[in-house]
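Note that chain A is present in both complexes that follow, paired respectively with chain B and with chain C.
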Partner chain A sequence: MLFNVALASSWSRRHTLFFIVLTIALSVALLIAVEKIRTEVRDSFNRSVSGTDLIVGARGGELQLILYSIFHIGQASNNISWESFELINSNKNVAWAVPISLGDSHKGFRVVGTSSGFFTHYQTGQQQSLLFQKGKAFNDLFDAVIGADVARQLGYQVGSRLTLSHGVGSASFSQHDDRPFSVAGVLRSTGTPVDQSVFISSEAIVAIHDGWQSGSRIPGQQISVEEVRKKVLQPKELTAILLGMKSKLSTFHLQRQINNYKAEPLQAVLPGVALQQLWQLIRVAENALRIVSGCVVLAGLIGMLAVLLTSLGARRKEMAIMRAIGARPWHIITLLVFESTLVSAIGTLLGVLLSVGLLMLAQPVLETQFGLFIQSTGLSLDDAPLLAGVVLAGAATGLWPGYRAYQMTAADGLTLRC
Partner chain B sequence: MRIFRKIRVKARSQCATSVLVAVLSSFMLTSLVHAGQAHEHGVVTLDAVVEEKLLDVMLITPAVNVVGFEHAAETEAQKAEVIQAINSLKQGYQIIQLPRAALCLLKEADVIQSLLESQHEHEHEEEHGHADIRVHYQFVCAKPEQLTEIAVGLFDQFSMVESVRYQVVSPAGQKGGTLFSSRDEILIRQ
Partner chain C sequence: MAAVTLEQVTFSWKSGTPIIDIAKCEIKSGEHIFIQGPSGSGKSTLLNLLTGLLLPDSGEIRIAGCCISSLSSSERDCFRADHIGFIFQMFNLLPYLSLRDNVMLACRFSNVRKQRAIAQAGSVSQAADQLLLELGLGKQLHQRLTVAELSVGQQQRVAVARALIGSPDVLIADEPTSALDRTTRDTFIQLLLKEVSQRNSTLLLVSHDDTLSPFFDRTLSLQQINCAGVTDAI
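On to the complex of A and B.
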C-alpha cells in the first residue's frame, strides 16, 4: 500500500527524477568503466611476459631494463657484448637464452633482432606460447616476422616487402632501403607489445648495418645483398637477453653471478618482480582515477539529495494529507527512502548497461589506438560490492529529506497560505 | 602538457598505459633503482624458490644487522656475540615461518660468515670490506601447494633489521617487494 503510494508519487514527478536517474547512471557508468580499464591495464601488464626466468641487460635500473626490453619504452642505457651472451648461454643451469637487439624501426614499430628461439620460448599470459596466424619463423637472412597489429595497421601479409629505418623515430632519415625484408610470418594477437614488433634475426641486424658507420651509410660504399650474404655476420653487441632456467632453484644463484660479473657491468632481473615494481608506480595514477570516479558518484548522490529536498517544498500538501489521514512519521521517512533507493537502483542498473555498451563500442578503438586489450566487457563479481555500495548510499540519502518532511508538521501544509 | 604530448608522439604505437608508465617512471625511476648486490645496513635480501617439494631460501645480510659490527671478532665478548647470532640464525623454523599445513621440514641451515675465522684465513681477507652474512635454508615440504605465505621472523630477533627485500619464485609465478616489521609476510599466492 505504502509502496504503491510511493511509486505513484514518484511517477507524478518522473520528469525531474528522470534526470537524476540519468546523473546517477552516468556516474555509475564512469565508475565501472574506470574499474574495468584499471583491472584490464593491470592484467595486460602482467600478461606481457611469462615463462622467462631472468632478463639480463646493462647495469642500471631494474624497471628501465624491463621497460625497454619487454615494453619497448625508452632506450637501453648501454648494450652488452656478444661474449657475455655466449658465456651466459653456455652456463650449465641455463635451459635457453634468447638475444634481443633493439634500435631500428619500421614505420613507428620497433624492430627486434632475436633468434628463432624467441618464438618457441617467449610466453605471454598464463604460459601461452606465441602462435603464428600465418607463415612461420624466419629462415632466410632477410625474413621478418611481424606482430598482429603491424600486419593489421600496415596491411602486410606473408610475402610483403618492407624496408627498415635506422633509429626509432617514425620519420627517421636513414633508411635501410638497400636491404629490403620480406614477411615470413604473422603472429597471432596477444594483447602485448609483441603485437607491435617486427622480428628479424640478430644476424640480419648486423647485415643491415654492414657498410654503415656511426648511424649513417658510408658514402660511396655499396655492398650488394649477395655480398652481405657471403659475409660472416657475427653480432658484436645486443641489448638484452631472455633466459630460461633448467631448474628454478638456480635462478638466484645465476642472478647473483651475473650481477657480480666483473668483466662487464650486467644485471639480471626477475621479470615478475620488476613488473610488480612497475605496478606499484602505476598504483598512484590508479588511485587518482578511483578517487575521481568516486567523487563523480558522490556528486550524483548530492544532486539527488538536492532534488529530494527541493521537492519537499512542492510536496508539502502531499505530506500533510498523508499525515492527516494517519500516516506515521516512519511512513513519511520510508516514503522518501524508498524513492531515493528506487532512483539510485534504477540509475545504477542503467549505468551498468551504459558502461557495458560503451566498453563494447570503445573496445576496438582501445585496442587499435592504445593497444589496450579488453578481454571481456561483462561485469565482474568484484564490481558487485561497489554497486551495492552506491545503491546503499543512495538509500541513505533519502533519510535526511525524510526526516525534514516529518519535521514539517501536518498543520504546515494544510494552512491556507499555500 | 607539452612534455606529455612529446612523449606521446614518441610512443604513439605503444599503449596509452605505457605512456603513463613512461611519464611516471621518468621521474620516479631514480628512487627505486638499487644495484643488484648493494650492501645496505638495515636491509636484508631474501631469495626464495619453491620447486616441487623443495623450498630453498637464501638470506644475505650485512653483518652489522645481526651482530652490530662488521670486522672480525676480536674480543671474547664479540666472539660470543657472533656465535649467538649464528645460533639464532640457524633456527630455521623461527626465521622462516611456514604454514603448518605445508608440512615442511628444515633439512639444512648453513650460516656463511667471515667474522669468526682462524688467523691464517684472516690475513687474506680484504682490509676494510663490508662483511655480509649469508644464510641458506632448505626445507622439504610434504604439501608444497599449501605454501601460501612465508613469514619472516628476523625483525623480532634482530632489532637492527629495518626491511627485507624479497624475491620469490614459485609455481604461482615471480613475486618481489619489501617487508617491514609491521608487515612481515610474503604472500605467495592469494
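On to the complex of A and C.
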C-alpha cells in the first residue's frame, strides 16, 4: 500500500532519478562487460588445447612451453632433437605424437611445421577436432594448410601461392622466396591460435632451410626446388611435441620419464597444469579490472546517495505530512529505501541490457582485432550474485537518507511552513 | 467526557526557557474550540505536544481518555494515526497523488480509521469520494484534477476530507485559513464545522486571527492559559 505512494513519489521526480538510473546502468554495464571479457579470455585460453595429454619441449618454464607451442607467444628457449621425438613416439603408452617446429612466419602469421597427424589429433574446445572449410591436409612437400583468419585477412583460397619469411617478425629481411608454397586446405574457424597459423610439413621446414646456416642463406649455394625434392629431408630438430596417451593413467609415468631423461634436457607438461600457472599470473590483472569496475559501481551508488540526500530538502513537506497522518519512522525510512532499491534495480536491469547490446556490437571487433571469441553475449547465471549485490548495495544506500529524513521530521514536527 | 485534557504540562527546549506551562485545560468531547494566540505564544509547540510529536517535560496530556505523554514514540505515532486528524496551514497534499488517494492516505497508516471508513461507506475509496462530494469537490474529483490544478481553498477542503476520513476523535487545524480570503475563509470554516458536527468530532483550531472566534463554542487565549508567556519566535 505504502509502495504505491512511494512509486508515485518517485515517478513525480523521474527526471532527476533518470540520470542516476543512467549512471548506475552504465556502471553495471561496465561491470558485466569486464566480467564477460574476463571469463571469455579464460574460456578462449582453455579452449585452445584439448585432447592433448602432454606437451614436450626443451627444459625451461612450464608456462613458457605452453605459451610458445600452443599460443605462439614468445620463443622457444631451445630445440629438441628428432631422436627424442622418435624415442617418445615409440613408447608403448603413446597413442600419437605430433611434432611442432616453429621459427618462420608469413606476413605476421606463425608458420607451424608439423605432421598431417596434427589435423586428426589436435582438438580445441570440448574435444572438437579440426575441420577443413575447403581443401585437405598437405600432400605435397610444398603444400600449406592455413587457418581461417589467415585465409580471411589475406584473401587466400585453395591454390593461392605464398612464400615464407625466416623469423617471426612481419618485416623479416630474410625471405624463403625461392621455395614458394601453395595452399592445399583452409581450416574452419576455431576461435583459437590455430586460426592464425600456416601449417606446413616438418620436411618442408627442412627443405626451405636447406642451404641455410645460422639464419641466413649460404652465399653462392643455390639449390633448385627439384634438387631439394630429391634429397632425404629428415628433420634433425623440432620445437615441441604434442602427445596423446593410450591410457590417461600412464600420463604421469611418461611425464616423469621424460623429465628425468638423461640424454637431453626435456620437460613434459600437462596443459591444464600449465594453464593454471597462467591464471595465477593473469589473476592480478583480472583483479585490477574488477576493482576498477567495482569502483565505478561505487561511484554510481555515491551519486545516488547525493541525489537522495539533496532531494530530502524538497521533500521536507512530504515527510511532515506523512508524519502528521501517523507515519512511523520506519515508514519514512522505507520510503527512501524503496526509492534507492527501485532506482538501483532499474539501473541494473538497464545496465544488463546495455552490456548485452554493447557486447553484440563489440563482438566482431574483439574477434578480428584481439582474436577474442565471445561465445554468447547473454547473461550467465554466474553474474546473478554480482547483480543482486549491486541492487542490495543500492537498497542499503537508501538507509542513510532514510535516517536523515526521519531526523528531519523529528526536528520539524508540525511546525514546518513552506 | 473530556476529549483533551492538559494537566500541569510544561515544556522547554534545551536552552531552558519554558515555552509551555499550562496548569489545567480541558476540552469536552464534541466541543469546537478556537485557540487564539499571536505568533510566538507557543502555538506550534502546543500542537506538537498535542499530536505526540513532542513529549512534555512534566505533566499529563490525555486525548480521548488515553494519556499520550506516557506512550512510547511509536505508540504515539499509532495513536496519532488512529485518533487525530491534522490540517496544516497550507500545502497539505502530496502533489503526486490524486485527490482521492490523498484523502485515502490517512487510512493507510490507521487500521482503526480504515475499518471505520469501510463501515460508514462500504469502502475506503467510497468514503473518500463521499467526503469530497460533501466538501463541494465533486466536480474536481470527477474531472480527475491534480492537486496543482486546485485553488488553495479547494486544497484546504481536500485536507479537511483527509482529516475527517474514518472519523478520528480529535481534529486539529493549524491556521487553516491563513492563506484564504475572507469569503472563502468563512465558507471554509462553516463547512468544516458542519462536517465536524456531523461526526461528533472534537475540533481544535489554532489561529492568530481572532475574527474567527464567533464561529466557535469557546475561545481559549493561549496567552492566558500558558503561564510561560514567552514571546519567542519559533
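Keep in mind that, in the parts below, the second predicted complex is superposed on the first by the 409 of 418 C-alpha atoms of A that agree within 3 Å, B and C clash if a C-alpha of one lies under 4 Å from a C-alpha of the other, contacts with A are read in each partner's own complex, and residues count from 1 in each chain.
What we mean here is this: a contact is a pair of C-beta atoms (placed from the backbone, for glycine too) under 8 Å apart; a residue touches a chain by one contact, two chains touch by 3 or more.
Treat the numbers as computed from the prediction; the structure is a model and nothing was measured.
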- Message: A:Pro193 in the overlay: touching chain B, chain C, both, or neither? Say first, second, both or neither.
- Response: first
- Message: So in the superposed three-chain picture, is A:Arg161 touching just chain B, just chain C, both, or none of them (first/second/both/neither)?
- Response: neither
- Query: Counting residues of chain A in contact, which comes out ahead: chain B or chain C?
  - Reply: B
- Check the residue A:Ala324 against both partner chains and state whether it touches chain B (first), chain C (second), both, or neither. second
- Query: Of the partners chain B and chain C, which touch A:Ala8 in the superposed model: first, second, both, neither?
  - Reply: second
- Query: Touching A:Phe109 in the superposition: chain B (first), chain C (second), both, neither?
  - Reply: first
- Task: Could you say whether A:Arg229 touches chain B, chain C, both of them, or neither, answering first, second, both or neither?
- Result: neither
- Message: Give the list of chain C residues in touch with chain A in this complex.
- Response: 44, 47-48, 51, 53-54, 73-74, 77-78, 80-82, 84, 86, 88-97, 101, 105-106, 108-110, 162, 174, 234
- Mind listing the chain B positions that touch chain A in their complex? 10-18, 20-22, 24-25, 28-30, 32-37, 47, 49-51, 54, 56, 58, 167, 169, 173-177
- Query: Where on chain A is chain B touching in the complex?
  - Reply: 41, 44-45, 50, 53, 59-64, 67, 71-74, 108-109, 149, 169-170, 193, 196, 247-249, 251-252, 255-256, 258-260, 267-268, 270-274, 276-278, 281-282, 284-285, 369-372
- Message: Can you tell me which positions in chain A touch chain C when the two form their complex?
- Response: 1-2, 4-5, 8-9, 11-12, 317-318, 320-321, 323-329, 331, 410, 413-415, 417-418
